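Heads up, the next two complexes both have chain A, just with different partners, chain B and then chain C.
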Partner chain A sequence: MTKLNRREMGNSSEEDLAHRVLKDIKAPSDLGLLRCVQCGLCTSMCPASRHSEYDAREIIKRVLDNDESIIDDEIIWNCFYCYTCHSVCPVGNSVCEVNQILREMAIQKDVGKKQIESFMSFADSYLAEGLGIIPEEYHGQLKIDYGKHWENLQEQLQDIREDLGLESMYLLPEAKESVDKTLEAIGFKKRVQEIKDVRNRK
Partner chain B sequence: MSEKNRIGVFLCHCGGNISDNVDLDYIEERLSENDEICSIKHHENLCSLEGRNIIKDQILRQDLDRVVISACSKITHGATFQKYIKPLNPYLFEMPNVREQCSWVTENKQESTDKALSLINSAVESVKYNEPLKKIPTSVKNSVLVIGAGISGITTANSLAKQGMEVTLIEKRPAVGGAMVQVGKVFTPDKMSEDCAACLLNPVIDEMVHNDNITLLTNTVLEKSTRNSGNFDVILRKKPDYVNPDKCTSCGKCTESCPTFAPDEWNEGLNDRKAIYKPFPQAVPSTYTLDDESCVKCGACLNVCPTNAINLDAIDEIISLTVGSVVIASGHQRFDTSKRPEYGHPFYEDVLSQMQLARLMGVNGPTHGHLQVPSTGKVPRRVVMIQCVGSRDQMPEGHKYCSKVCCMVALKNANLIHSHYPDTEVIICYTDIRTLGVYEKYYKYVQNNGIKFVRGRPGEIAREDDHMVVRVEDTLNRDKIEIPTDLVVLSAALESSEGTIEAAKTLGVPLTEDKFVKEKHPKMQPVSTDIEGIFVCGTAQGPKDITDSIIQANTAATKISELVNGGLEVEPFIATINVKKCILCGNCIENCRYQALTMYHNSIRVGPIACTGCGDCIVTCPEEAISIQGQSDEKLRASIAGLLKDKKEDEQVIIAFLDDIGNVSANNMGINRVDCPSSIRIINVPFINRVKYSHIKYALTHGADGVFLGEYPDTPKHNEIRENVNIMKKHLEEDGINPERLLIHSVFIPYFRGLANQFKEFDEELQILSK
Partner chain C sequence: MEEIKKFIPTENITLFRSCLVSAEYPGVEASTKYVFDKLGVEYVIDRNQSCCTGLGHYYDIFDELSTTALAARNFAYAIKNNHKQYVPTCATCYAILKTAAKTLNEKDEVREQINQAFRDNGLEELQYTKGDIDARDDITHVVDVLYYLKDKIPENKKRELSSLKIATHHGCHYCKVHFDDTLCGYRNPEIIDKICEVMEVPTVEWYDQKPRHCGGGFRQRYANRELSLDATEDKFLSLHKEKVDLLLVMCPNCQVQFDRYEQVLEERTGDRHYFAILNIAQLVALYMGADPYKVLGIQTHTVNVELILDKLGIEYDPKEDTLHVREE
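Now for the complex of A and B:
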């Protein structure tokens, strides 16, 4: 027997999960979250739903049910932002954007930090050069995925750029300094550090 | 006003709606200082019969000559109180709206009370200028144009004709019957069976054909319509009669000889027809017709026609008529499913619409009623129906509304398939099944017959080997499924037809955001339109089934009968022209957007039905010969003076002149309890151009801190009005008044929150300005 879930009266509040999602800065002003009728159109088109336990419709159901456990649930990390659900929803809802907001809520807790901690090398290369460069540690997998051609390109990138008459792709010292200051000012550095710290707390 | 008036003021509590937030005792005390007010009475609900007795009693006892009813909106209750002030002339009263525009939008009771007093004062001052008026009786011509000969149009035409009216029924297509004649079978409320549509429709069509009061014109559209007092001068265009209906014997030889093919509309393009053809065997009129877009004019038909009925050089006919009323019954069309390519239309031959399925199942259809998969010619092993295609869909090109009939259509066709082909499985993919009222019993009946239901909205259809698969989540058990199927049927939305949109445009009738003909009031006046004398019925007004269409069609006929038999009385607030001053320059005629003014035997005539009393003509007249009855400049000035009469030292007052749309928007603010600064004092004017510079200057020099003009911008006069405001601002500057104190802003009925914000911002700006 499953436990009967009794819903007490007088608990409806503007502070439930759905309203917190709607109030999030990332939520578009006309997000159709509350208009969802659980038709399942998103799930039927969603690649993540097709190939994993993820169910786009169910994400929304749990948010509407004020099921806080979804923030800790690893399932929200299965979405890879293809935006198909977003582009087909008949009521203007967007599961992927709701996911992004849920993930940020998870990041505020340690559970989400753990999910993205492994990507911090991207942040490091950004902090070091002021550019979005693929970190060294991913090169091995990329060689396997893209093959010899990609490896050659990486090795000879400098020469190829010179042949094409392109200037250095790295920032000038003053630009780099300016990016660095900006990253400091907007709290990027602090955020990266906090995420990395989660490793030490394991 | 040398003589003193005897005014009665009646204060309605509105069951607490007003009295809870307005100190009516204080108001009574203040009003009693005015020696022209001879009677002040309170009542819990003035609109009750008891309230009526109190008003009547006071009028008689106190010999009142003017009445002010402090209550709610004149729009909702004006007509009631107009009757209650009998034996006074019905135009000798005013209604300050202290509910929607005061007690409901002002939080602070003291401010609310001050504002209410000011609104009542304004009404007291302005009512002194009311004149005893009479509604203007007009007569309406006993002839009607009905646009569209589907079930709605034919029903209206029959009813009107039986009531003795002369009806011209026009139909764009070559045959009458509309969608009903195509569907084959119809569902009937309270009956667990599908009925033959043609058998139900034919007697109705026969009645129309045999009624001498009805002139049927097929292949005909409305081309132009002009208002002529109470009537409409219309021009119709009838396609050339290539086949003479008097000579044609419907032998069909022409069709046999014709070498040219075109898609058969009657069968939803499932097969081809010839360029000269009869739409379907039972078509009315039964004459053959020629489609001049596909005809190559080879002349083959001419050679075989035994009665010489064909003339390929025929030209179209222009018909001009004058009618008293017009009914728009031009129906719907079905959503173009190729706008949802993920459902495979038109790439996959075996994806059909419900109407195509109906044709396929129809005994007079392309397969004589045999259900066949188009690509194989075999009976399908399984049929999957997809609901809400283009309905309940806010994506581009979709429709937000529910099309209302598709659930029943799917159930009907599913059950038909089941009863003829018991081995064929039918699955309906739905989001909600909406079978209101007794239709629910039919739903249960169909379920009982074994039709299957999947609760989920499919995302796409793919082709696999010799069949298709429908991808859908069964949302009841979280199963992501693929349903292999031979045939897919899409329940496409009902949408406003091109013909409906064109007819509305030609007649100048507004459309809703969904492009259906907009009714005067969607709840209370569902067949009237904004233009007096033009009516709407059937699916031209919105998705509905046959039964509802017939009900609405008969209602439209009744409303026309009221006009013709009961005569039409229009409000007396219309333009009057002082013939002594008028120099017949014609400026006003050109300027009037309602075509209400016409030159007639060396004088200018005002059409009382067409004239809305907007007053826009007043400013165009170089001789100041035009005025609006009962809406004098002096009266408007008195309204302003009254608003400012008891203004307190520290009180900020903004006079907001709102047009009718703005006034409704302000009422909506009240209905939705949206806060509005108490400084806002609304005066409803029929049109913003009615407010003259002298009024604005008067307000700003007699205590008003600001003047707000609320204008509905979607009129041809918009630019002119805005320009005029700029000129007025210059005048203010010349007169040493800060032009920032005058503001014009757009108003829309649904955007009452926006209007409230505008009021708030202006209120704050003025507070800064005054420091």
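Now for the complex of A and C:
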């Protein structure tokens, strides 16, 4: 393992990784990243730390050490986003949210786009209907895990919803139009295209 | 009752629809409506409302700006409809909407960027004004409303449920994301237990792993299946040890993890013990006399709930379930 040098106190640049994390749109204004004392409470409660090489405390250490290689490290993709670390941290840090920001930094490069391209049917569904779905790319395994019952549910869903006295789950046509315009206006369509371009280059 | 610091609405509610409830457990929506009607809660459902993006957000497909812009769009419809109290059935919708409201109120440059995008694209009516939605008081989960009105629940009692052994599983995105707004604790979460208490349904107050996540982990369930199931096993085996009949949840994503994977987990661990999974709104509806198929929608559950109905002496016609494959 390479030895990492922690930046000396008082020498931190506004451009180092920790400060870029703090400036990210996802970072709450009171995120306690720089207050981390490496107590490890996060790791002690973390499902990914318990069951894989992921170590919540180590994620923060590497960010504070300005170790840029963490952005390309596959390990950041093991976080469950359960927010347990976030809820127990004594200094108001959130490994979970730092992780989300690191992944977004990875997505700005090809390395992150490759991690999420298998979830793009969710984006397609949202663009078409304004609704999320269980990603179609994984339906093969799900049919094995969930059995014939689940396939029957997919086929009969609309009838069952009617039997339950529920309105259509789909958005009104004019609502779909305003969702579509919103996604265009905010740049989401462009993002989707960029992720798909990486997939298609394979 | 503990002091409630946040506002809990009983009117002007938009029941915020969840994609997983709609497509996997629609009976959760029907049960919530049934219970709200009995309790005199005033709400609407709005087909202008889009998905909160939650699952896609945590698959890292949606970026923060897009999720926040879509929340601003939804907030605009709720306000225009005079039903700005969003009450989701899903813990992730609840957390996503709160985060978006906080961002829109506190980050002036983000709000302005979104409003500018709306203005440039002929969507002026969707613009968000600081303070339009209060992150604490205008977004509450269904369990908050049930807890607030819990003393009225026994007035609608139709069925005796006290013979069941029940454990509760509280959604992480309800308890842990905005923990200052969580009622009845987040390190030892108890809000579902407190709702059961008024129905005189005893719950296992504490069991090993109680405050832990379900193991779904968003992308992990799909892209990292073994890691996800390893994490689910922790709680699954603990529930087996307690020999519960029923696990109560408050989030459809947790419901998927325990209900759709029970068979897989039994095979994986070699540890067998039947327990059914219900959302707390489904159990309250059952207590109030709701039909198991036409309101609770138990036919969409992978794990049969009929064994629980048998134990309670509740009659049903199994032919109403057209989804489970039966041996003739």
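Points to keep in mind about this one:
Everything that follows uses one rule, which is that the second predicted complex is superposed on the first by the 182 of 202 C-alpha atoms of A that agree within 3 Å, B and C clash if a C-alpha of one lies under 4 Å from a C-alpha of the other, contacts with A are read in each partner's own complex, and residues count from 1 in each chain.
Here is the rule we go by: a contact is a pair of C-beta atoms (placed from the backbone, for glycine too) under 8 Å apart; a residue touches a chain by one contact, two chains touch by 3 or more.
Nothing here was measured: the structure is a model prediction, and the numbers come from that model.
Superposition model on chain A: chain B and chain C are shown accommodated side by side without a clash. Between chain B and chain C, the partner in contact with more residues of chain A is C. In the superposed model, the vertex angle chain B-chain A-chain C (Cα centres) comes to 80 degrees (nearest 10). In the superposition on chain A, contact of A:55 is made with chain B only, not with chain C.
In the superposition on chain A, A:152 contacts chain C only, with no contact to chain B.
Once chain A of one complex is fitted onto chain A of the other, the partner contacts of A:188 are limited to chain C, with no touch recorded for chain B.
Shared-chain residue A:39: touches chain B; no touch with chain C.
In the superposed model, A:88 lies in contact with both chain B and chain C. In the superposition on chain A, A:201 makes contact with neither chain B nor chain C.
In the superposition on chain A, contact of A:178 is made with chain C only, not with chain B. The superposed three-chain arrangement places the nearest Cα atoms of chain B and chain C 7 Å from each other. In the superposition on chain A, the residues of chain A contacted by chain B and by chain C overlap at 50, 88.
Touching chain A in their complex are the following residues of chain C: 17, 19-20, 22-24, 26-27, 29-30, 33, 45, 47-51, 53-56, 58-66, 69-70, 73, 77, 95, 102-103, 106-107, 110, 114, 117-118, 120-123, 126, 172-173, 175-177, 179, 186-187, 211-213, 215-220, 222-225, 227-228, 230-231, 234, 260-261, 263-264, 293-295, 297, 299-300, 302, 322-325. Of all residues in chain B, only 342, 388, 392-395, 398, 431-432, 455-460, 471-475, 478, 480 touch chain A in the complex they form. Residue ranges on chain A touching chain C, taken from their complex, read 24-26, 28-29, 47-48, 50-52, 77-84, 86-88, 100, 103-104, 107, 112, 115-116, 118-120, 122-123, 126, 130-135, 137-138, 141-142, 145-150, 152-153, 156-157, 160-161, 163-172, 174-175, 178-179, 181-188, 191-192, 195. On the side of chain A, the complex with chain B involves touching residues 32, 37-45, 49-50, 55, 57-58, 88-92.
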